[in-house]
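Below is one structure, written out as structure tokens; comments come after it.
Order as written gives the chain letters A, B, C and D; numbering starts at 1 within each chain.
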Amino acid sequence: MAEDKKPRTLATESAGKIAKFVRGNMASTLKAREEGKKVAYTYINDGQDEIIRAMDIVPAYGESFAGVCAAKRDAEKYLQKAEAENFSRSLCTYATCTIGFDVWREELGGQIPPETPWGGMARPDMIIGSAQQLCDPRFKWPQATQHYLQDVPVFVGSMYYPPWDPNMDHKDQEKLYVKYAADELRELVLFCEKHTGKKMDWDRLATIVDLTDRTWDLFIETYELRRAIPTPMDTGDAMNTMVPVTFNLGTQEAYDYYVMLQEELKRKIEQKKGVAENEKYRVVWGAGLPSWFALSDFQYFNDKGVVFPVEVTYRNAEKLDRLDLPKTNDPLEHIAWRWVRFWTHWYEKARRRPGSLPKVERIIEYLEDYNCDGVVFHSAFSCRSWHAGIVQQAQVLKKVYGDIPTLIMEGDIVDISSYNEIDTHNRIDAFVETLEAHKKRTN
Amino acid sequence: MAYALGIDVGSGYSKAVICEDKAIRSYAIAPSGGNYQETARNVAEEVLKKINLTLEDICFTLATGYGAAMVPFANSTATDISCHAAGIHLVFPSVRTLIDIGAQFSKVIRLDDAGRTLSFLLNEKCAGGSGKFLQVIARILHMGIDEIGPRSLASSNPVQFTTGCAVFAESEAVSRIAEGACAEDILAGIHKAMASKIVNLVTRIGLVGACAVTGGGAKDVGLVKTIESELNIEVLTPHDPQITAALGAALLALRMVSLNGGDKESEKRI
Amino acid sequence: MTGLQATFDLATADRYYREYGSRAKELKAAGNKIIGYLSALAPVEIMTAAKAVPVRLKGDVSQPITKADAYMETIVCPFVRNVFDSALKGNFNFLDGMVLPHQCDSIDRTSDVWNYSLKLPYWHFLNMPHVTDGPSVEFTKEILRIFIASLEKFLGTKITDQALAQAVKDHNENRRLMRGLYNLRRGDTPLITGVEMMKVLVACMSLPVTESSALIEGVTRQVKEREISPRGKVPRIMIVGDQLDDIAVIDTIEKAGAALVMDDISIGSKVYWPDVDDTADPVSGLAERYLKKLKIPTTFVSEGANYRENLEARFGHLKQYIDDFNINGVILFTYKYCDPYGFDIPAVKSFVESSGVPVLYLEDEYSTSTLPRIKTRIEAFMEMIV
Amino acid sequence: MRTEMNQYFAGVDIGSTMTKVVIVNEGLRASVVGPTGPEHRKLADKVMEEALEHAHLAFDDLTYIIATGYGRINVPFADKQITEITCHAKGLHSLLPTARTIIDIGGQDSKGIRIKNGKVIDFVMNDKCAAGTGRFLEIIADALNVPLDALGALSVSAEKVTPIANTCTVFAEQEVVSQLANGEPLASLTAGIHDAVAARICAMVNKLKIEQDVAVTGGGAKNIGLVKALEKRFGFALLVPHEPLLTGALGAALMAKELFQNAWAKGEKLKRSGEGLKEASLFL
């Protein structure tokens, strides 16, 4: 397998700008100290971004660092460091890759290990995790890291939402969950105040929360431009353009980025410029984090006329009016409502279609809105939280919606050892053939 | 009348079939070895020689299988999945569910009444349920792959294999043997383990219409019988299951010819 | 209750162990409602108070997983996969319902798979938090009340505070008795072997609390009469980790010449050590126990002014056990694909080793297929520590 | 402590691929290696008979016998079983006294063992996976049509190392075969697979606090390519005993001697408890 994969030829210029964005994020952790700022290890989609930003804490994301190492196909050395510490190779490889890096950096007395992709991340002043339904590592990883950074304080908050139960109306439980989430966010504020020695500026938080709301709306409006045929942007790009909304939420640069992206997409739509020269099949990326070391597989899809106008992954936002959030003057309560309503957004639809699941309803919605012919899932062996349950989603989808072509690819997010390019391409080819057969039948 | 050549370069064996108007004129099988290009050329020469043809007499050559890209004289390629579908459709038109047991992968394919792939599943990124299983066990039992089936059928109480992986199964087999289990029961156990993996794929894709088994694994009566009892239906196996994909490739080649009058420089993929 | 036999002893435990769920079948036939659960987080007191029979489900390590893979990814914890496979094979047909506490991703992410595949009359996902701060305790009380309400709705009965208080008493008593039995393993000549103990633990998790208590009392009486002559220097082992509910590994340990005298596993001391406090509102007592007292890796423990103190808060009980049961070696046992235990391994390993006790770390599957390899490791460990 | 001249001790090491027998008294009397087949028992007997021939001894001349290795439970004529971990430590210590860490690369298992004056103080074994074991090399050698013993030399001659992405043996096999088909030079591929095995072994052994000297034993130690790959990854030279395959059996024989003599010192005489050879042979 070629060591230095040629990067995916990006369809949008905006996606091309992301590398600098990510480098910038990592660099900002390294120069935080001289700017007298605190650095916190933190994790994506925890609803905590705005508080961290409002407290002027510089977030450092292991998910981002590990993703970069994977994309450079240079993660193995960190994975082995962690393995030598007795972390199983079956654990979340975002975590083990980053912990391997932490262990190494400690061995070097705080120096960044040689040849660390993009300069690595700074030693944190605190670790802010989150316990929730979204994933276990985000409340186990912090203390696993603390084992090597013993002086670094750890906070783990809790962000829950009502579980899906076809026989229960989650609305009855919303208030309970919102109160709990808001209380937990308050705990986070106290932790940040304690370890930064600053008081929360509530007006500033309110402005940042408002900025986030506007970013969510802009992000979704921009992404919905991808409904155009041919689609101006593909999931391959989205795995890049998700960076601002995922890692820089609550910042002006994130908002401005989507202004830029939106303009570019509008331009491309006018010029009828699509992702693929000859767009034949439109497919939903139904679930799963990508194999960061094999993003060029999206190119492989595109070369065969297959495009992904929409994906579930990293689209953790929705037009706010669709969530119709109750009015509140408490920014924390607002975040909590946004959180609960987003994660339960497809419950109603699922209730209306017997035998369905919220996750499946979301896919169906995308299939129809973006007029797609099939669904591709990716199952990463080291990550249960996003990838267990995909088999059922595919089955339920076929049962409640119809026998449309689906493909479940298997691999990992960071660990390349189970990836086989030839085999993956063979599965993609076969999937394209089924899309073809499906079209022939349905026309 | 137009001759079409289908070549299936698998990770285990390479197969070639020459068709003339949906009829098999000749076929050949050879181990793939380490040099696909050479193997492809040899197996092609062999299949041509059998009916005194040369490559010039072939109007279209379509390559498939693991080493499809390594066949320099192919006009086009297709995946072994659609080739299996096309191939089995000629042999058994009633088949809607196809199980292919190859050296590295087992596949389950749903096809429509025209022999097109509706959907497919491959075993996970682990050789569990693939022909590799059988090779490994045959090796440690010091017996030929073709002895396996009959011996397995003679088993009275199959050893229970709890692992999915071919290599782990090996160590498990070795320790069972050490505990005094006989070859028959080991083989029957392996067959059960493989069958359950394959049947899971069938369950996931949904068993529809007649069901056939192809690929090297289909030559193992023990495995086929076990699959039948797990699914409790009778499955069809073609006379020479190994050449199904090559046959399909030849048929798809013929389709290409009829589509574009045999223009060899036509679109490289079907 | 019907079919309830007069005398309880090790033979009873052995029978319930071998014919797992046989008592549940009888009780079901007698018209009782049987509620299954998977982990230490399920509040059995509530089910007992509802006059339902809580049965903790277990898989079969000697059975290969043949059905589950059609519905559930193989990256799911092997214990969960095996139990689900067992359910698909009809081994739990006596169930009227299940309660699935939010324990880990392997359970959370597959809850719909269980619900949609088994189609049981009753289903409840109990959304337990992982964090133990003030708001989390309040939240836990609320979700326990939601569980109570849904159970009342299904059973058409009212679960009164008195019934709850009584159930708490019964289960506390049950835990006290079990701790008593554990204590008979403290001396130089343990009165009950690890294998026997495992059978008792498994049998008890399949019985109504009163029968479970009767069984423990019977076994305690029986083994107290034993006269065991000292075996000389035998390594005393404690096993720590994931859900072990089969004798296979324990037997391997004891056949290697050791005595398994203590555990920190989720069907063992983890559930029998912490009691429920007798509180005015029974629900707060339950919330306290299940959220804060259970020593499980899916609960985030923040106590301690520094990391050392934090380790004491998380694993200090292990050092206590090492002293009380004078342990010579600890076996850390986890399953592949288990993030909650997996991320703790380096910390717990070094913590135990810091008390001078050697540790053997085994990452296993919920399957006897691995026994030959496990055996060699365990034997070598024994050769190492004697 | 003195041994009477007529006291002979045997060690039998039944590995997943090879069966080894060593007989000692004052020094090494005999050592025989034979392949392990499905029928462990018969083979153990055969190899033992051969060893006795070499040493001009009868079975009854043996004072005490210890079986070790993968198939140790299936040696009816042995008096005691001890794991290969303890035996490798014992044997290696007698061959290379300066070694503090042992890497044993067997057919199915790889192990890392830390020793202090011949005693095991910590050890690790590869998880249930063939990557990082001799079997990985065997299967790949098979796929490449290269005799196993030629594999090492070939890889040393390589100009570059072709990285192998797959850890899973079966898929690595598929990978190298297609790489070869892609025209990747055979030598670089073999270098690649040796490095892949070395990487797995390093990751495992690093779980121990490695202390030098580090010695390699087992079949893998005879593979120069693998030893070189390991040395490259560790960054220091490794010791290799003269007969790496025999380390376990030798250790077992020495353990037999030690146990017997310790008992002797306490005034006890360890009795032979295993079955005789012939009965064992008739057994099958």
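Methods note: a contact is a pair of C-beta atoms (placed from the backbone, for glycine too) under 8 Å apart; a residue touches a chain by one contact, two chains touch by 3 or more.
Nothing here was measured: the structure is a model prediction, and the numbers come from that model.
Counting only chains that touch, the fewest steps needed to get from subunit A to subunit C is 1. Farthest chain from subunit C, judged by C-alpha centroids: B.
With centres defined as mean CA coordinates, subunit D is found 39 Å away from subunit B.
For the pair subunit B and subunit C, the distance between C-alpha centroids works out to 46 Å. Residue numbers of subunit D whose C-beta contacts span two or more other chains: 70, 128, 168, 171, 174, 178.
The set of subunit A residues touching two or more other chains comprises 85-86, 381, 391, 395, 418, 420, 422-423. Counting only residues that touch two or more partner chains, subunit C has 70-71, 363, 370, 372-373. If you sketch which chains touch which, every chain touches every other chain without exception.
The part of subunit D that touches subunit A in the complex is made up of residues 163, 165-168, 171, 174-175, 178, 199, 202-204, 206-207.
Touching subunit D in their complex are the following residues of subunit C: 358, 363, 365, 370, 372-373, 376-377, 379-380, 383-384.
Taken in their complex, subunit B has these residues touching subunit D: 11, 32-37, 66-67, 70, 104, 125-127, 130, 132, 140-142, 163, 165-168, 170-171, 174-175, 177-178, 183. Residues of subunit A that touch subunit D in their complex: 1, 3, 76, 80, 83-86, 416-420, 422-423.
Residues of subunit C that touch subunit B in their complex: 62-64, 66-67, 69-71, 74, 367-370, 372-373.
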